[in-house]
């Protein structure tokens, strides 16, 4: 884990350490929330909406989110599009390759429960939360860029409310 | 040449190998026996005032009684369109690969092999490519196919 | 306090005043040198870290406005503390060590890249008298140090145990080496006219009127300036020469496997290189800190450098990327002949005295 | 000098790669930078659309068909309803035909704008991607005004269209195509004569006429190789024979021609839309079709020209309210199959440029 993340454990032991941890907590989580770099990952129709959200009209960069090509440098993976049975192990590996404080946004009906392909399709995974732990679900097929941006803002709120202690068991 | 002229020309010419059917709703539809498929394919491409050199589509069909392989072909130079099908009984579902007439049919044949189980003779690389590599539940597009987690849409 | 207020705006008066205070404490000369150089090193490091953070934010805003979008807006007025947030976030990332046999190569690559980028500023003249150490081999030292980046990219490419990184590393080595030649050749044109390698002498030779700047020293100056800028964009790995980390082809080139602070080091080093390249361009061709009016000299230097940085940033957001072999061909078949003829003709004219 | 023992290594331009437009995968066997063998791997987006359609009534199939090719979703639902209309012999009213043509051509422009942006980004210029998508937002507003959705419209119904256009649709469309027509000159100014762009695209990835026809390649890729074949002209459907527009064709078959051809096609689409808007008649927008629509038994392979090439739907009905078999044929399937034919002994940067100009989209391959 990053060196800075060991500091809270020692800070709690010294007297008055609580103030330091809460102060540190807000700084760390504010920074995490304010600069979420999302992985360039899109499989189906939601990927086109993800592109439009990244383009000039609904700009992701306003929230400080830029796209990174490699999972190593990204801390948010927006699963945009249908995940088929053949793609599921790839998605799991991509998630494992990401560095630790990582978050997942499940965008679109297919990632929540298989969407329009829930019935009668032998090759579609019914939702991705049994593959990777999901933080934010965004319904819609494909969801509008506004709802994707709202999902990201909800994720930022969620990160800010996090406690330092609950990083460990994630 | 119009669709009817094409229909008469084809049914009269290839010494009866292409028997016209009336199920085609837009373009002329023929039926071919599976053993002289290769010869018909070569003739259709070589015939000078037909020149069917462009492959539109090969569709595998499971009509609950037998398999069908429906070839849709077109001619770029003469602006013609033609469909013909090969009826394959369930027990002997084998078809000749017509790759050397239309090289683009390689993946289509591979697909009907993978999804329907129609065996394609001397095809070259009949490998699995649409379904996951560890797929062991048979050929999913068949009507009688079923799997434990395969849910049908309820009738409402 | 001695010295008139203008001197303090000039800043070097401030440093000399501090130096006299330090001498007054009666330490031996060696201790005084150690303290001054560490203090200057810290000042330069802090200044460059600030400049790099500013450049990252500036590039995101410029690219946003070029592409008709907003860029960081929500964090501070126009997102001014966005890059600080990025830096703090990168501090917290998990430090992923790739399971490769040469773990040291993987670990030390970003460090060398970082050190190479920062050690150039020993000889960089920020303003009148504002220089860490005025070496008499100034520009030669810079050319030597910038080639360290090649080694670090190769190490990153090899150490990451990843095919894309290896390709990125190999490409960067080929590119940096082959663009070093025209870079040095175009720099030598200026050195011929100045007659000395020291950066301060180069800037002093361009003092006085604007027409003394080497960019106006027809016909060699403009040619040398243009070839310098082209070779410099290749040195700083920026489009249209950014093939080492070409996102579309090699996923992220040599920094595929780097995350957290290691990636931050590469990222910061890249922007410091960008600032270095434009600072050298300003010192050589645009008369370093020379300027008229009451604006202090270091402000002139910063202003001119940011103009060149803006030019390089606009390159990145307008041009497509060259292919590897076209890039090599362009370097060896076009840039090298042009710069060498320019150099020889400049030398002959200098010897015959036919320059104004 | 001792023979340098070089070894080829296999690189995965894998399912997750910035320039594979989704989840296509290319296994490249490379000798240094030069590509020796390409082995395409598909199936990462195989959603079994055909199996799903077999258990849906004809009306329910339309939203599923929209997901078949979501960048030009209008053309998929149109191809499906055209096939159903041919099966049942339904006569579509005039106004519906005009509305369909307007929507199809608008969708073609939107798809070509995405092509322009993504190809430029794959060859390194990131800014045109933003310009292309900025113009596309104009068209997406028009679709949102009529169909309510930005991407998968489900606008067509069997026998006509689902909704009539609102009042301000026509003036807004005229304004949109005027802006796009003007912006095209900016796009061309940015890239067409840029020496780096020419160096990266001229003479790269040349597809000869014979391999194109042999592999069933269609659409702008075929027309860039010198074959003037467009389903709207050679196998006319709907009312395309009433409009005068020409089919642009180029003869080198390299990336540059494929790129230029799509910009010409945007101009032709603008011409069609202006003529269709002028001639838009009044009248109802849907033929009388019973809710549980049961076409008589029969089969048909109907094909239309969408922005990527020839899209065909083979439909077999046995008289019940659910199609017995629906086979959707996308043009990217043949393009991706033909890629190893003309894609070897190239550098990795060229395969990225060629892949981009083929405008391959993964759901058409995997279905």
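Read from first to last, the chains carry the letters A, B, C and D; within each, the first residue is number 1.
As a convention for this text, a contact is a pair of C-beta atoms (placed from the backbone, for glycine too) under 8 Å apart; a residue touches a chain by one contact, two chains touch by 3 or more.
Note that the structure is a prediction, hence the values are computed from the model and not measured.
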item: Between chain A and chain C, the fewest steps along chains that touch one another; value: 1
item: Remotest chain, chain B as reference, centres from CA atoms; value: C
item: Euclidean distance of C-alpha centroids - chain B vs chain C, Å; value: 64
item: Rounded Å distance between chain A and chain D, as computed from the means of their C-alpha atoms; value: 31
item: For chain B paired with chain D, centre-to-centre distance based on mean C-alpha positions, whole Å; value: 24
item: Chain centre separation (chain C, chain D; CA means) in Å; value: 45
item: Overlap residues in chain C, where contacts from two or more other chains coincide; value: 67-69, 247, 251
item: Where chain B touches two or more other chains at once, by residue number; value: 131-132, 140, 152-153
item: Touching two or more other chains - residue numbers and ranges from chain A; value: 55-57, 69, 84, 86, 119-120, 122-123
item: Pairs of chains satisfying the touch condition; value: A-B, A-C, A-D, B-D, C-D
item: List of chain B residues in touch with chain D within their complex; value: 23-27, 29, 53-57, 59-63, 70, 72, 74, 76, 79, 81, 83, 102-107, 129-132, 140-141, 152-153
item: Chain C contact footprint on chain D (complex, rising order); value: 9, 11, 17-19, 33, 120-127, 130-131, 134, 190-191, 194, 196-197, 199-200, 347-350, 352
item: Residues on chain A engaged by chain C in the complex (per definition of touch); value: 1-5, 27-28, 30-32, 34-35, 55-57, 59, 61-64, 66, 68-70, 72-73, 75, 99-101
item: Partner chain A, residues of chain D touching it in the complex; value: 14-16, 18, 22-23, 43-48, 51-52, 54-56, 63-64, 67, 70-71, 114, 129-130, 133-134, 136-137, 140, 150-152, 362-363, 366
item: Contacting residues of chain B [partner chain A, same complex]; value: 131-133, 137, 140, 145, 147, 150-153
